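See the structures that follow.
In the two assemblies presented below, chain A is common to both, partnered first by chain B and then by chain C.
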Partner chain A sequence: MSRFAWCQNLLEYLAGEKDAPPPGFPVALSNFTFWGIWWGILAAIIFIFAGQSSKFIYIDF
Partner chain B sequence: MIFNTWDYYLLFLLPAAILFRVSRQSIRPWIIVLSGGLFFLYFSYTQLGGAIGAACLLIFLWESFISRFYKPASWFCWLGVVQTTLFLVVFKYRNFLSSLIWPVSSQNPLYWRNAFLPLGISFFTFEFLHYAWDRYRDKTETGTLGEYMAFILFFPTMVAGPIKRYQDFLPKLRGISSDWVLDVQRGFTRILAGLAKKFAVADLLTAYTNHLNVQDIAHAQRAVLPLWLLAYGIKIYADFSAYSDIAIGSARIFGIKVPENFDWPYFQLNIAEFWRHWHISLSSWLMDYVYVPLGGSRVPMPRIYMNILVTMFISGLWHGAGLNFVVWGLLHGLMLAAHRWWRHRSGAIPSTAFPARAFSWLLTFVAVNLAWAFFCMDIRTALYFFRRLLVG
Partner chain C sequence: MLTKRQLALAAAVLLASLLAMNLAVIYLTRYSLPRRVTRHARESQPAAVLALGNSLVAAGFDETAFDTGASLSPPHGAANLGLGASSPVEQLLLFRYALARGMRPRLVVYGFYDFQLTAPNQFATGDLIGNRAMLYYVEPFFARRFYTLSFHDALQFRAMYAVPMLADRGAIWAKVEILRRAIAEQGMPPQRINRMGRAADFSLLESDNPEDFRRESEASMNLPLAAPVNELFREAQDAGVTIAVVEMPMRRAHRQLFYDTGWWPPYVTHVRSLLAPYHVIYFDASNWIQDDSLFDDPLHLSPRGAAQFSRRLGSLLGPGTADLPAPSGPLL
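Here is the complex of A and B:
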């Protein structure tokens, strides 16, 4: 697997799309500490940037 | 809105998913039907067409009734195709089509002053059409009334997809994943990632994309113009892929996997690959229900080009009732046809050398992003944008 594909797989794993990590990535789904921190980071991003009002573009189609 | 409201999560997703998980298999479809019906009523009433918008739930009930008559080679299937197309024409294209004949709305006898779009009409009608057509060709089973209603009223995908297929959805409804810890973990992560992408990327870029209007384009420095368009290209990807993330994550919490919609489209090396990775559920729908029935690639080359153009014309029109969307669709049709012609002419396997791949990527990326001009601006503004960009 190329480094680029590995990074894609990692992002997909962190974003909830893939169920298994790319080879060599040590964090399993059962690691609640990691996922708790990761969810905290995502939640912080959401609360920092929320409230800018725009709606989803494709809703009107 | 919807996916970025607390109402969606607290009133609909969590209660419905928990109830769905703990219920017996026989009543699970009806939980989806009930929650989907309430979802449609609630968000139609509060965010779209008020009471009349909410009354459009009758479209689903009528479709559920008439679908019971769909049999292989039956004229009822054609009736389903025609009535669904009429729903779309009446609600979405009536003003646009009639304005082509009567441009002034006050003189247009067919003009609908308070026109509104029923929630998700562009998406649920494509699911109706798929079912009618596949029943006609005997490509899918009927299922029970509850199962079909659950298919069309499954609220995570009701408003903006991904566009599902009945034969793909039915086995998942009948045998949901039993690993609920995995489903909830992955679904919840996907929803959070989608919301973060929406707020931190898509919404942040609105500050730049708001400038894509005549006045701002007229006063802007030329060097800024491509950046604004690039911002729109990134924004629409982040926005719609974020929406799809939330829809897919929500469905996952139910234990149901729905189709993916995006697979790194901006990293593709040609326009055909771009469309295989962008809004995948729509692209594959258009491929199966427009391009292939027209003859697909099994006809002489000139007909293939025409089939591509017709398919992308419909794609453009589907994206919006406006001439700019038609131009956008035809532009992509021309690019796809040109790529087809090039592939046919050269007949060679694409080079794997880095410079060739980099050039292919750049060409595809620039072409796709330039074409967004006709997606986010009306034709006159888009042409003015290009005039300023190229001439000054």
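Here is the complex of A and C:
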């Protein structure tokens, strides 16, 4: 498997499209701690960048 | 495929992560501007004079210069509780907060510009970010009486007010915005900023043109005092506090375009008639600062301008003024 295809498989696995990880990726679906933290990281990224449409005139420097 | 048990356990870890993120938001916003102002209120308990208003007061009222002008001395001098980007609702909350924490001022200086005293406070939850986030955590349900939200937004408000990540989201977004601006400025000439934000942005808060201002003047001629302004003055009067209402200093361009027209004086007369029951002392300070170089941006006084304005205001009010029954006298 090419490096590019491996990365694609990894992203598809992390995004929930595939149930099987690419060869060599150590995290199984049964690892609930990893998946809980991973979803938390995704929630944090959404939270942090959700304000980009807000117009900041006053901003606390 | 995840089993139900694995899904439930992963969801539990996610909830724990969200809890940790809420704790992180509480930590990161512990010195947010509204919290710094409320802390200043707590620390200024003996102050005799309380300045309230939006960023024009926050930037334009210099406590030390006012004290010098009024021959007051700390800690029995002035405390500036002006809050940038605040509406009269937050200003009412700050006044109540100060009183509830034991402050007993003899005088409240309330600064305003344009139609702030009569403009209805109609918000959406999208507006409750930045300094307005204090509406989520300082007397949230008392404050709800003084501004309107749509049915949908009122439901959102109830769901959001107890969750720090949602209530204080604007403080985190502001940090991201500052980072975004820093990245956008790479290789570009730096933009002028001051303590409030990008200087050029503040022209967005003025009317676009005299015609807009005329329309707003006419529309405001029949409006009563905004509910939170009315409540603030009523509570101040009930507490025996003298009220000084100040038209804040504005740049020459603003005065010429808007205040020197025929529409502004009738509006001021209207406002003064609305203020009469509160026996306020009214100052038209809009033209006190003639030198535009004493403004930091289209709206806010620079520290030098603030000192000049505050010293003059202090000297006019004087050390004994707050002890006297407030006159409903002429424009000063």
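Operating definition for what follows: the second predicted complex is superposed on the first by the 50 of 61 C-alpha atoms of A that agree within 3 Å, B and C clash if a C-alpha of one lies under 4 Å from a C-alpha of the other, contacts with A are read in each partner's own complex, and residues count from 1 in each chain.
Simple rule for what comes next: contacts are C-beta pairs under 8 Å (C-beta built on N, C-alpha and C of every residue); 3 or more make two chains touch, one makes a residue touch a chain.
Remember, it's a predicted structure, so these values are computed and weren't measured experimentally.
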Partner chain in contact with A:Ala20 - chain B first, chain C second, else both or neither: neither
Partner chain in contact with A:Ile45 - chain B first, chain C second, else both or neither: first
Partner chain(s) touched by A:Gly36 [first = chain B, second = chain C, both, neither]: second
Partner chain(s) touched by A:Ala5 [first = chain B, second = chain C, both, neither]: neither
Residues on chain A lying within both footprints (that of chain B and that of chain C): 19, 29, 35, 39, 43, 48-50, 52, 54, 56-61
Residue ranges of chain A touching chain B (in the complex, touch as defined): 8, 14-17, 19, 29, 35, 38-39, 42-43, 45-46, 48-50, 52-61
Touch list for chain A against partner chain C, complex: 19, 29-30, 32-33, 35-37, 39-41, 43-44, 47-52, 54, 56-61
Residues of chain C touching chain A in the complex: 1-3, 6-7, 9-14, 16-18, 20-21, 32-33, 55, 84-85, 126, 129-131, 165, 169-174, 176-178, 180, 193, 195-198, 201-202, 204-205
Of chain B, residues touching chain A in the complex: 1-4, 117, 122-123, 159-161, 182, 185-196, 198-200, 202-204, 206, 235-236, 239-240, 242-243, 245, 248-249, 252, 260, 264, 318-320
